[in-house]
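What follows is chain A paired twice: with chain B in the first complex and chain C in the second.
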Partner chain A sequence: MKRSSLLAESLAILWKELASELRRRVALSAIGLFAVTTLVAVAYQIGPYGLAEQDRPFLLSALLWIILFFSSMAGLARVFVKEEDSHTAPTLRLAARPHAVLLGKLAFNFLLLLALQVIVVPLYCGVMGLAVASASGLALVMLAGGAALAITATFVAALIARASGSNALFPILALPLLLPLLVAAIAGTRAAVGSPGLAAVLPALRAISSLGGVTMVTALLLFPAVWRD
Partner chain B sequence: MRFEGVVKRFGRQKVLAGVSGELRPGRVLVVAGPNGAGKSTLLCILAGLLRPSAGDVRYLKGDEVLPREAWYPLLGVAAPDMALYEELSALENLRLFARLRCCHEGDEPLGAALEEVGLAATHHHKLVGTFSSGMRQRAKLAQAVLHRPAVLLLDEPSANLDEDGHRRVGTLLERLKPATAIAVATNDPREMAWGDEKIELAG
Partner chain C sequence: MRTALTWLLGVWLAGVIVAGLLWAPAAAGFQGDSFRIVFFHVPQAWVAVLAFCVNLVASIRYLRTRSALDDSRAGAAARLGLLFALLATITGSIFAKLEWGMFWNWDPRETSILVLLLVYAAYFALRQAVADEERRASLAAAYAVFAFVTMPFLVFVVPRVYASLHPDLVEAAEGVVRFRMDPRLRLVLLASLAGFTGLFVWLYSLEVRLARVLAARRREES
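Moving on, here comes the complex of A and B:
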């Protein structure tokens, strides 16, 4: 029997995720709620003039990633658990290759995170009066950081979905993988805010790409066993 | 498909104690037994969704033994614990699984598959989440046979179905039987009548 290509299978799963999410809006609602709440809380308490000038690049970069991180985790972590909860996981397991499931769900999580960044980052910069010296540098850090965050969150979500009491496991498994990634993303954002050109963000981009790359390779190697056994 | 001495334990509880049998095209194997006897567990093991604690399940294509990964495209499974996506319509569900299984040749065959199990065209675009349990069962059966599987595993296939649904499942099995190895797990006497061979699990 002829098989679909990996790309075709991954796109079919991405389409399913998008259609489901647009109809139910579970992840979108959770992400939207966290993003708006944290953004308003930060803006209300600190605002554009609440920090000393020399502290602004670092603290505002850190706050931006805290908002992005908590908002995204509310939605990304459920991508596999919802399949187990709704009993669609065995049906999908029999029909699709494990790598297609991983790549389709990863693409969905990345798009979700990208949409969050497109809305939150300009809004945050405007509300907090954050002037960015290198807009292209910031865009690259956001893109790389978003991709690495999506890879890590998707992989950890796959691991916890097969464990009972899964939601409690997420922070335990995710912390050592996400912490260095967040540190690098904050450093990259601070560099883009403070220095024009791309040279300043390159060390952070290298760190983010390495962390994301290692997690992606690990996920590709381990996911078939995680998903099917 | 041959299975020999299949044992399954969940912790200390032994659910299956050395079950053996064979699935061949042209024959319907009925797996019977009381509730908790392990009928669904055996079907999950045959589908490769569960690993047996002991024993062997082999999928043979001629003399060649296929690896587990190669079984999946050849299998069609419908079981109470396997659901379709509630937020997609019946047709969208079938389109998704047809694309994943590389048998999507337009919506016409998908509509025909739904009609064969008794889901009229008026229901094709309705979300599965709005379906009754009987309609969901019909959609699941259509999904299971869509890609003309070599092995069809059905767990209580006419559960929640009315008389028309039960008759349609029987007709479907008769149509598929010559080219498909079929196993039906059931304790419904009407479904047992479809079988050519029977394994009675003790429980």
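Moving on, here comes the complex of A and C:
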């Protein structure tokens, strides 16, 4: 029998996740509705004129990432929790190697976050009257921030999947680990909002990429122990 | 021998307290005697970092050996790290009140140690949420290693990205307040660092011995 490659197995896991999500849309609905509800609450309280002009770039960037972070907490853990709830995890352990499971589920969570950003960021900019000086810079910060967020969130989801009270445990474990990323992502978004060109966002992009790289390598090294036990 | 060392540690720490409060001269650039808390705050922060490093090593060892004793070592080190980080936070807050008029200023250093407390409090939340002993040990070990790799960003990068009120003891570092280290101040600080390290070693060895006794009793009962 021909042995499948890591890439093929990862893509198969990703496809399984996408098919499952498109069938029931649980994670996307949870994340999307959480984001829109929070956005409405923020917009209702602050709106486009509720902040002093000099405070707007920083506070609006911070609020945007807080919406994205807390929305992601509502749905990213599902990739592993649902396998335990539906008792499909043992079959998945037999069907694919651990790294393929991690990469496939990570890719799914990343795509989920991208979908969230595509919906929320333009909506937020429109509702809050946030003018972005560097759209490409903002897109890069969102891409890098989304990838780094997905890495930590996916790994923590694997950790909490077999713990009792996993849904409550997920933000408790993930948020402190994600704080350095939140700081860098807010700094990058603020730079993209205030300065044209890519030069201003580069320091934040370097911080996000290095954090994402370190957590990715660590997650790849540790995941087999987490998944098999 | 062990009793003698424990007594020596007690006398050493008593000497550090007396030297820190009475013998060390006043430091320039600080309000009144507020600097004297540095002799306890800095060693507490150092022991917290040391304990988290021991937790990392024990966690990696557990993932390789699957020995329950390594899991106990990791748990003991994290418990002590959390305790000393909490003490460093409290003494830091007292210093902040004396020096800047507020117990909490959301300074990057204050925020980073608060997040560190949350990270290791979450470690214990994870441990409590998993009933199976072996699974609990491996998940906690994996979380400890993963959490530790984010620590450099939290402890070293974030406080340097944002301006901090926190005095820097290192001459070459960019800080608002420069701590001019008098030789007597340095001596007391180094003695305190050694004393607190000894305190950590003593408490850690007690915790590990207790874990051994409990494991032996569990084996006898089963």
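Quick notes on this structure:
The rule is simple: the second predicted complex is superposed on the first by the 224 of 229 C-alpha atoms of A that agree within 3 Å, B and C clash if a C-alpha of one lies under 4 Å from a C-alpha of the other, contacts with A are read in each partner's own complex, and residues count from 1 in each chain.
We adopt the following convention: contacts are C-beta pairs under 8 Å (C-beta built on N, C-alpha and C of every residue); 3 or more make two chains touch, one makes a residue touch a chain.
On a predicted model such as this, the values are computed, not experimentally measured, just so you know.
With the two structures aligned on chain A, chain B fits next to chain C without clashing. When the two complexes are overlaid on their common chain A, residue A:S209 makes contact with neither chain B nor chain C.
In the superposition on chain A, contact is made by A:D229 with both chain B and chain C. In the superposed model, A:S20 lies in contact with chain B only, and not with chain C.
Within the superposed three-chain model, A:S195 lies out of touch with both chain B and chain C [touch as defined at top]. With both structures placed on the common chain, the touch criterion links A:L179 to chain C but leaves chain B unconnected. Here chain B and chain C sit at a least CA-CA distance of 5 Å once the structures share a frame through chain A. Touching of chain A by both chain B and chain C, each in its own complex, is seen for residues 229. If you check the complex, the residues on chain A that touch chain B are 1-4, 8-9, 12-13, 15-16, 19-20, 23-24, 86-88, 90-91, 93-96, 100, 228-229. Chain A contributes residues 155-156, 159-160, 162-166, 169, 172-173, 175-177, 179-180, 183-184, 187, 207, 211, 214-215, 218-219, 222, 225-226, 229 to its touches with chain C in the complex. Against chain A, in their complex, chain C makes its touches with residues 63, 115-116, 118-119, 122, 125-126, 129-131, 134-135, 138-139, 141-143, 145-147, 149-150, 153-154, 157-158, 161. Listed in rising order, the residues of chain B touching chain A in the complex are 47-49, 51, 72-75, 77, 79, 81-88, 92, 96-97, 99-102, 127, 143, 147.
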